[in-house]
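Shared chain: subunit A. Partners: subunit B in the first complex, subunit C in the second.
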Partner chain A sequence: MATRHVAQAGRPLMNIVRMKGVPILQQLEIEECLLRTSSDNWCIINDGADKPNIVMGISGKPAELVEIKPVLEDNIPVIRRFTGGGTVIVDHGTIFVSFICNKDDVADVQPYPRPIMSWSSLLYTQVFQGIADFRLRENDFVFGLRKFGGNAQSITKNRWIHHTSFLWDYETRNMSYLKLPKRAPEYRLARDHLDFVCPMKDYISRSDFISRTIDAAGRLFSVESTEFEAVKSSSNVNFTPTSRLLTNQELEAASMIAI
Partner chain B sequence: MLARSIFQKRSCWRSGNVYRLFGRRLPASTVEATEMKPTVVGHFSTAASTPIKSTFDCSYKLYNNKVHYLSTSVAAALERVDNIIDIPLAQTGEGIAECELLKWFVKVGDEVEKYQPLCEVQSDKATIEITSRYQGKVIQFLHVPGDIVKVGETLLSISVDASQVPSDVGKSSPTSHPTEPSKESSDLSKTQKGETLSTPAVRNLANQHGIDLNDVPGTGRHGRIQKEDVLNYATSIKNKPAMVNPSSDKPTLEPEPIVQHMTNESLYQDKTLPIRGYQRAMVKFMTSAATVPHFHYIEEINCDELWKLKVAFQKQNSDPDIKLTFLPVLIKSLSMALTSYPLLNSTFNLEKYEVNLKGSHNVGITMATPVGLVVPNIKNVQPLSIFEITKELARLQKLAHENKLTPEDIRGGTITLSNIGAIGGKSGSPLINVPEVAIIALGRTQKVTSFGDDGNVYPVSLMTANIAADHRILDGATVALFCNEWKKLIEKPELILLHTR
Partner chain C sequence: MALRIWASSTANALRLSTATTPHFSPLSRCFSSVLDGLKYANSHEWVKHEGSVATIGITDHAQDHLGEVVFVDLPDTGGSVTKATGFGAVESVKATSDVNSPISGEIVEVNTKLSETPGLINSSPYEDGWMIKVKPSNPSELESLMGAKEYTKFCEEEDAAH
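Right after this comes the complex of A and B.
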């Protein structure tokens, strides 16, 4: 394991898994399985989810975050994921990048939310250098004052995951499924979704973004490509994921409480 | 008044082993620490007068006594253990002032290793595992999942051996300095911005004696207040010279044993009870129930035949873990009546102006647990036998008692039954478990006189059923007809056999 872990120039090894159009629930299950059962470092990149899904944080309450009636009418899946954070609606225009690391392999980063968030922003600063006015504002990735990337984390005893959903593009009507959240970053200033977010496609292509992200990771880790199928098959063994799809009944019950 | 009725075992109530009472939640860990088996206790506020009201008052007093007893037991436990360490929610990041407790990975009584994960919390964007700095034994939880915990607030207490006590935890050794504290150390305890260094057990003890910890000089390291400090302080304020009896040179008041005595002042002190966990959920549900226009239909049901059936079942029962009561028969007969009147087994969606007739009869049973009122439901009663219902009921009660009900156990109820009569009271006014449209409260079975067909007076066992229904969906006639059907099945239980497939 030591040999595998530390490869070129003493940098720890990181497995890069590139996926395209994998359902977000499946991605979350794989990520949580890797976080809890693997001892390697991983970078999971999913270039677009298969169809629109609403994804809430671990303690998200549908009645407060989601317009339940249209969600039920239009059969939009609502998922509660295993990490904290807020609510997003993801679809084929969303690019997901997740880093799963041993804390000891990123020893200069304290295993707490803020230091990990800062670490990720430094990585993405390299990705967007010379391209856009990128910064980390509170907990969001923004161009100027408009959010294009949302972050969430889960920190365990020896490892952590930091995953980001990047809004490469979005459909306006999908935003109408989300409510204005009660807890919002200060810089949002009560803007509705369309005034608050911006698509990444105005700044960078999908392929450039993904390749630059892998390059940035390669400056910190010794990266090695791993096939999705290998990860997918190993993730089913003896693991019960926390992320799950909410049932229509739960959403209906939530809507009744909200009356 | 918003209230719910709760199932309860009468024998446990009589024995006085009352744990969970309406009011402040007792941590499950406290129950564990005293090695008593908490019983499922019911409490209900109803339109009935004195009996229920006195139960409430009685239950509150019992709570106070129980707290006293529990604290004594915990204190006794402390006498056997060298060190109790409070584990606070450590700072998890810049600017994070509080976290939501998501789940515990351990339970009270568990031995934990150093760096073993204890719980998971959520702060803003992150879920974080909190690990133990010490090897020891979990003594008490101070929070339940769903609670918002401030950074620095104690999450749980762990008992450790002396070798692990960190230097910053106060502990007085047998060779410590005299009990009279120096002015400097007492000043230290008072300068902690009103917060004194002490364990939860010591704070409980001080509370019982009506003592402000800020007035107690601590003799532990860094002014930490220990149990002996509280007891000594309590003794010292009681031993202040009393008025001398003119006929005697001796003071009229003698020192009293401290541990068993509660000061009068503590009985009249205000108490602030945080609403957490299941109680918080109850607040939410009751608030939504208040928007439903209820009407109540009351009927008396003759339980003589039901009683005979119960006795017959008990004679045939060979499983000591299964206790046969009226309730499974009532549940089964309820389900059979619902087959004829499915509107009572539905949910109402106001936004869509739709009634959803539920195919399964998922009958919820209200239960009081050490952490609050819960309503788990028995799924799909229709194909179940009475014995299967009995076993499932026992399973849910056991889980409720241990605070291990799963969301699946609680989700999906279609109608609720509340056996408030197990505690007492002739009848109750239950509130609907939204989004259901009906709930039934059963009063205590009472022996009363009744006229027979021959004009003679006979004793009968009568139980009052109060059906609360959503008047937007159900009208009086429908509920009355349903109740007639149900009553018929209870009073002639052989009909249950006749109609069972």
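Right after this comes the complex of A and C.
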């Protein structure tokens, strides 16, 4: 394992897994399993979820974050994921990129949220160089003042995951399922979702974004492709993921809570 | 200082000019408080052993590096913890971070105030921000933990290396 782990030019190995249309709950389960049970580095890229899903962070409260009545009426799944951060609505227009790393293979980065966020911003600065005014603003990925990616992390003793849901495109009507969050970055200035976010498709194609991301990862790691089917089958080990779908009963109970 | 050093090396790997690297705010402080009389784990938890009970929390160094804690996930009373294994998590700055127990034992009390006021971990990491109380199953585990001076040096070396 040690010889496989360090490949070209002394860079640590990273497995690149490309998927398309994998349901977000399945992706989250695979990611958490890899974080907790693998000792390898991974870059998971899922080019679009299969259908609209609302995904809250670990402490998300549906009563505060979600318009529960239309969500129940329209059967929109609501997931609570294992990482921190806010609420997103994802669908086929979302591109997911996740980095799962051993802290010792990214030795310059202290395993805390802000250094990891800054590391990711350097990587994506290269992805968008010459294409858009990309920056990290108050923990969000933005073009100018508009957010185009929601990101979150989970940090264990020796490993961490940083994952992002990039809004390559989105259905404007889906944004109406989300409430304005109580905790919001200052630069948001109380803008509603449609004035706050912007689609990546105005700047870059899906394929260019994905290939540039893999290229940027390749500057820090020795990258190798791994088939999704191999990851999917090996993730069925004795591990119970904590990301889960909220039941209708839970959502109905949340709708009774006065905010 | 430490942030600029790693940013420069990562920027070099990504072939970014340093002019394009993000602006970093200065480290909030160089020296976090470390209390005498406590023992410390290299994953930045502290333990205070008094009689048959040991109180556990995360250090000032950890809370400073984590940022504002907005949510704490704690186990139930009656459960058990194992040395160097996670028993809960904190959420800060869009991240969940595992909290590991420095010792093994039975959980006899959990700080329920943290569910309403998770910020106690930031404002009072060694007092009101305690997380669990444990009846140690193997008190000799405490001997392998760091004392205050050793932990202080550990933190300085860790920050200097990044």
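Worth a mention:
Here, the second predicted complex is superposed on the first by the 258 of 259 C-alpha atoms of A that agree within 3 Å, B and C clash if a C-alpha of one lies under 4 Å from a C-alpha of the other, contacts with A are read in each partner's own complex, and residues count from 1 in each chain.
Going forward, a contact is a pair of C-beta atoms (placed from the backbone, for glycine too) under 8 Å apart; a residue touches a chain by one contact, two chains touch by 3 or more.
Treat the numbers as computed from the prediction; the structure is a model and nothing was measured.
In the model built by aligning both structures on subunit A, subunit B clashes with subunit C. Of the two partner chains placed around the shared chain by superposition, subunit B is the only one that A:Q249 touches, whereas subunit C remains out of contact.
By the document's definition of touching, both partners, subunit B and subunit C, reach A:I58. In the superposition on chain A, A:Q153 contacts both subunit B and subunit C.
Using the contact criterion defined above for the overlaid structures, shared-chain residue A:S39 touches neither subunit B nor subunit C, since it reaches no partner. Once the two complexes are laid over each other on the shared chain, residue contacts for A:D108 go to subunit C alone; subunit B is not touched. For subunit A, the partner that touches more of its residues is C, with subunit B and subunit C as the two candidates. Look at A:L136: by the touch rule set out above, it reaches subunit C but stays clear of subunit B. When both complexes are overlaid on chain A, the residue A:K69 reaches subunit B alone and has no touch with subunit C.
Of the two partner chains placed by the overlay, only subunit C lies in contact with A:L220; subunit B stays clear of it. In the superposed pair of complexes, A:T125 makes contact with subunit C only, with no contact to subunit B.
After superposing the two complexes on chain A, the stretch of subunit B that clashes with subunit C is 109-117, out of 1-9, 109-117 or 325-333.
Counting contacts as defined above, subunit A residues 57-59, 82-86, 112-117, 139, 151-157 meet subunit B in one complex and subunit C in the other.
Those residues of subunit A that touch subunit B in the complex are listed here as 57-59, 69, 82-86, 112-117, 139, 151-157, 249-250, 252-253, 255-257, 259. Looking at the complex, you find that subunit C touches subunit A at residues 2-3, 5-7, 9-11, 13-16, 20-22, 24, 43, 65-67, 70-71, 73, 84, 86, 89, 91-98, 100, 158-159, 162. Interface residues of subunit B, counted against subunit A in their complex, comprise 92-96, 100, 102, 115, 117, 122-129, 131, 284-285, 288, 291, 347, 349-352, 356, 411-412, 434-435. Looking at the complex, you find that subunit A touches subunit C at residues 57-59, 82-86, 108-110, 112-119, 121-123, 125-126, 129, 135-136, 139, 151-157, 183, 216, 219-220.
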